[in-house]
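Okay, got some structures for you below.
Each of the next two complexes has subunit A plus one more chain, namely subunit B in the first and subunit C in the second.
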Partner chain A sequence: MRKWIALSAVLVAAAVLAPSDAAAQASCPVKIGGVLPLTGSMGPITKKIAESAQLAVEHINAGGGVKGCPVQFILRDDQGQPTVGVDAAKYLVEVERVQAFTGTISSGVTGPIISSITAPSKVVQISCCSTATPFTLDGRSQGYFFRTLPTSKTQAVATASEMARRGLKRTAIIYVNTDFGQDMTRFVKLALPKLGGDIVAEVPYTDNQPSYRAEVTKALAEKPESLLLIGFPKDAVTIVREWLSLGGTQKIALNNSMRVKDFVDGVGGRFLNESFGMDNAQVAGPTVDAFNKAFEDKYKYDSKGPGVHTQYDAMMVLGLAMNIAKDLTGPSIKDAVRQVHAAGGATVGTGPEEYKKALELIKAGKPIKYHGATGPIEFDANGDVTGPALVWKIVNGEIVTDHVISIDQMQALFKKIDG
Partner chain B sequence: MIGVFSYLVFFACIVLILGVMALGLNLQWGYTGLFNAGIVGFYAIGAYAHAILVTAPRPDLIGNFGLPWIVGIVGAMAASALAAWIVGLATIRLRGDYLAIATFGIATTIQLVTLNWDGLTGGAQGLPAIPRPLSAWFGSPLGFNLFYLGLLIAVVGLVYWALERILRSPWGRVLKAIREDETAAIALGKSARRFRLEAFVLGSTLMGLAGALYVGFIGFVSPFDFLPILTFQIWAMVIVGGSGNNKGALLGALVIWGIWAASGVLIAKLVPPAYAAQGGAVQVILIGLLLVASLLFRPRGLIGEVPVVSRHADD
Partner chain C sequence: MMLAQSIADGILTGAIIALGAIGVSFGLQILKFANFAHSELLTWGAYLALVFVAFAGPGTPTAELSFGWQMMAAMALAALLTGCLAWLVDLLIFRRLRRTGAHPMSLVFAAFGAALIMRHVVVMIWGHGTHFYTRELQIALEVLPGVRMLPDQIFILGLTLAIVVALHLYLTYSRTGIAMRAMAESPSLARACGIEVESVIRWTWILSGALAATAGVFLGLTPQLHPEMGFSLLLALFAASILGGTGSLAGAVVGGLLVGLAENLSVLFIGSGYKTAMPFLVLLLVLFFRPQGLFGEKT
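This part shows the complex of A and B:
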């Protein structure tokens, strides 16, 4: 019995440690590693994100792969637990020798992966979904970390400017107590006073509670004349209903997550005629439609959901950057990521055909401009993307676009706020 | 093969850090019978104490003193010992499952405090840029990991040796007496409460030490490091390894963390890429099956308790 156990343990260890292919020494296939929380509390939303990554890999391979090699995508589960995610990332980087890395969702997992795996080993990491600001700002990533979702700052500043434009005063903020909610609140607090508004209360809330009466009462105690609600639709329905029933104003500013019919119907459209919200304006255009169609054709359900579009772009950016890079080392790929959206480049979009077109341009030594599933992708000095913002409002229970704040206007706003 | 070696060094570091926690729990549960379901709380206190003491100052945070690594380690142990003493004073009289519920609640409270006390812990953003000891001296990640592995082997060796010494002393025998029959131990004139409290504080101090070693290794800490799943994993290590045996606790750490890591690799290799999104669920099922199988075939753990308790018993 004991011998049998020992033998099987040795066999498992050997199987685990052997590289995936006998031909691992050769440069084909090019490997991209991924870590995502396929199970755990994020599991339900991650399935689509993982499928989006798979779709991108199919498009990359159909369009010519990387430097003539097919791309092999090795996906591991972090179970929402930092130690598990770090272990999986370490395995991908050291044993599988992946040339680039994507992941993950929870900032609590992404942080340790950057600080202990990807940055020290000089492997480029692109995340679809981690919003915590310090990653790109504190220099810890040494420039190896990028993310394809606009940071909370863009949305927060746009929100503050729209609130000021509408002349909202005495604002109460109720926000979800996560890195996203904290970040949004921090930037709104920074921006709003400089644009002419004022904040009278800040109340954090914990998600998935049956009632938020205590939080709403606390916010109302300061006699606010407007509300900024930052959170997720399910809790937001409860909060807005309690807010209104306790006599709160209908002047409610909302964040991007609330731009869904479920929220409007949950509260009741007739109470929301003075409400408005913010979103990333890039989520429209032909390259976005092309992605949506490709996703629906393959998986037979729509591509709506957090992180689905940004994950596709993360993969495509890696694919393009690896073709632009002169070799597949971390430092070369890191520099190439910034050339995926080069000044004066020819526009390339989503899907295998566009990818093929991009490869031809790259081979000819010409610059490209990648427009992805979330519109144009251009990284700033920190490895973050900024973009235009969109103001939406609710008219008779329907969500309609009010106007767009262009990228130039956004930059003017940033200048005004950062001083 | 350098990559495989590099990964194994990293893996061994994590196993040893988890092993320190397993040793702490083994002292509490394996020897004294204290059902501590709040392991992760003391781990969090050690981790944050270390991070706050050694990280370079930042204007927006209260703590961050930029002190040397060793001060962080000692501070982390002191902080978790103090926390365990306060918690112990209030709860140590509770038996079995009652203590479990109380400590579980306390661990959840501690995790929520780390999430909400932004000024001290950085909140959900976490504390980045925690200095890793002497990491500037090493050019490559492998160099640093090898150094840290050496450090961990020394720490775990010291902890193991010290535990073996005290558990074979009269103090250790009283713990076992309390575990087996508390009334009898009291009848012999021993203060069960005092011994239980001492074992609880000592075990929790080791958990705090593990927290400090972990953040010193990873360089980042956030409240997501301290979810209840970790408590469950440490319990699995002690039970599968063999409770009441320090070698068993360390072996359990190796086996359980090995199952966790290896199952992920196996799934990634065996499941076709098109189904990778579903692979995660299979991995969790596999982990559960392996745990159940190990308990069915080795109910006393891989290495059961050794009946001899005195250094002089063999004489």
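This part shows the complex of A and C:
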């Protein structure tokens, strides 16, 4: 009996507290929730990221806020732990009733937040830092998740294009059997055939093994003429040495993790003169400089560091999208995020003045094109962005940059691959 | 074609595992406890050889090998020092526990502790990174149609075979060897026959340490050293020694070869994602169907 009373009490409470559409209409202040690992192993890098988010909120408020209201940013700590992060997000969405959400860094925390909090509650979430591609692809986000940094897809496609450009044929892929390795392999497999290459073998490997002769043998059985190795430096040294010993070709493509001296020295630079690899490239441009200056002026140190630029853009995109949205419900904001970089729009940049300019354009019903702290921010169908990539190679044991693949070239590549 | 290559690779991995497994097997049978610190002796052996190589250099490549006599000397020295290290660990930790009549489980936990300390001392001295004996890169020879092996690997196989034969003769004919086997059969009976138990235990540690060091150096030759190199082989070592039947030399060797083959062939038939699970699987199958091991006797 007592159980029933408790249950009905909960139901009544739920009915009373349930949001009505009217409540979702602008009531000041507009709340944006954030979850970041302020403490824990990622605490040190998060400090600047949180400051960057704070800077963006100041710029938004100085530039006119959201629909006439100032924005209140409520930031909670996830300690780098999924349980803590989900609790924090739950509090923000259900108690604070934030209208939009940003976070977090670790994919292991972001994933559970999407599937258990933001997507079911239809709250738009933008992450500065989580790269795991499944979030935007496996349907769990229902379109409510976006991110402002390139995923592994960018690197995979850039790798495939460079392999094709160099005319590599009959490629064997050896990849580390993790989310990252599988992700990269899947996209390379998608891209390479369309660009003119072909894949003859795919062999996953488990890290920290004393030897990979079995894996290498399996890959070599298909008589490959080139190798794509996706993994981490320590095991990669073993794999490449065994690969070369067993008669494998020196035409080897590598992922970003191998852009370290340890790897080159471990294998021996003289065997790597035909090898090359990929990495994300740093963007330049006036809106990037403006952000860097604003950050330095406020905090008295530079803005270098992972996630600092992408977090600023995550906040600015939320601010702009909430202004574009016809009301502050999740579905409207979700659709508006895609209009932040509209075709034929007037370019708007970083800082309060540019934000104010953007609001005037939006009020006048004109499209805008946001160029942020990481350059132009354009989300693809999945809610991911593209960034420029750089190709590096090894010359006499030294790692040197070969050339940069610009965003425009990346976009063209994506079009070619995605059809 | 690929099958032959996989078998050759499996035998090589198996040879290294076998050398390590002999020590584990001695531990289980003669010392009567599961020494989880054994894998660290492999690591220590490899790093001790590295110290010598760092001074003397790996030597000019002799014949087809990637190293010279210096490497051989380093290996011998490392075997000796690691043997002493194993004995030292016994003196500091296990002997005290034995004297107080500690439960075998206490010894196992002490071994875990010892393993952690030993591994982290390696990190402290040589760092987290990887090391190499030699930066030479060999190109494999086609020893049989479709089977490619490095000269170093052929050397490793040959030396392992020689060591195992020598060990067999030692255990069969030498006084200490016979005493060790007697201890394995029945410690109390051995003691009653006038065998000096502590001396046998000392020799067991030194021998296990030396064999582990040799396995460690072989592991380091193909191709790099890192602080977790021994630890990553721990399960394979235990699987091999239990598979063969503890206390039996032939058992440990055959067990090692079977584990090595199972790992390598699994890549061919099941997929490399499951390679690390193979020692577990072999271990489970043995425990289900022949708990005393292939060469063990029912007790």
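Assume the second predicted complex is superposed on the first by the 238 of 419 C-alpha atoms of A that agree within 3 Å, B and C clash if a C-alpha of one lies under 4 Å from a C-alpha of the other, contacts with A are read in each partner's own complex, and residues count from 1 in each chain.
One rule holds in what follows: contacts are C-beta pairs under 8 Å (C-beta built on N, C-alpha and C of every residue); 3 or more make two chains touch, one makes a residue touch a chain.
All values reported here derive from a predicted model rather than from experimental measurement.
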Touch test for A:244: subunit B only (first), subunit C only (second), both, or neither? second
Could you tell me if A:54 is touching subunit B, subunit C, both of them or neither one (first, second, both, neither)? first
Mind working out whether A:177 is in touch with subunit B, subunit C, both or neither, as first, second, both or neither? both
Of the partners subunit B and subunit C, which touch A:226 in the superposed model: first, second, both, neither? neither
Between subunit B (first) and subunit C (second), which does A:127 come into contact with in this model arrangement: first, second, both, or neither? neither
Touch count on subunit A, higher of subunit B and subunit C: B
First, second, both or neither for A:75, with subunit B first and subunit C second: first
Answer with first, second, both or neither: which of subunit B and subunit C does A:209 touch in the superposed model? second
Is A:115 contacted by the first partner subunit B, the second partner subunit C, both or neither? first
Counting only touches as set out at the top, which of subunit B and subunit C does A:95 meet: first, second, both, neither? first
Contacts on subunit A seen with subunit B and repeated with subunit C across the two complexes: 177, 204
Contact set on subunit B toward subunit A in their complex: 3-4, 6-8, 10-11, 14, 115-116, 118, 122-126, 128-130, 140-141, 144, 217-220, 222-225, 227, 229-230, 260-262, 264-269, 273-274, 276-281, 283-284
Looking at the complex, which residues from subunit A come into contact with subunit C? 177, 203-206, 208-211, 213-215, 217-218, 221, 234, 237-238, 241-242, 244-247, 262, 266-268, 271
Enumerate the contact residues on subunit A facing subunit B in the complex. 12-13, 15-17, 20, 37-39, 43, 46-47, 50-51, 54, 57, 72-77, 79-84, 86-88, 90-91, 94-95, 97, 106-109, 111-112, 114-117, 120-121, 132-135, 138-140, 177-179, 181-183, 204
Which residues, counting only subunit C, touch subunit A once they are in their complex? 1-2, 5-6, 9-10, 12-13, 16, 129-130, 132, 135, 137-140, 148, 150, 219, 222-224, 226, 228-229, 232-233, 263-264, 267-268, 271-273, 275-276
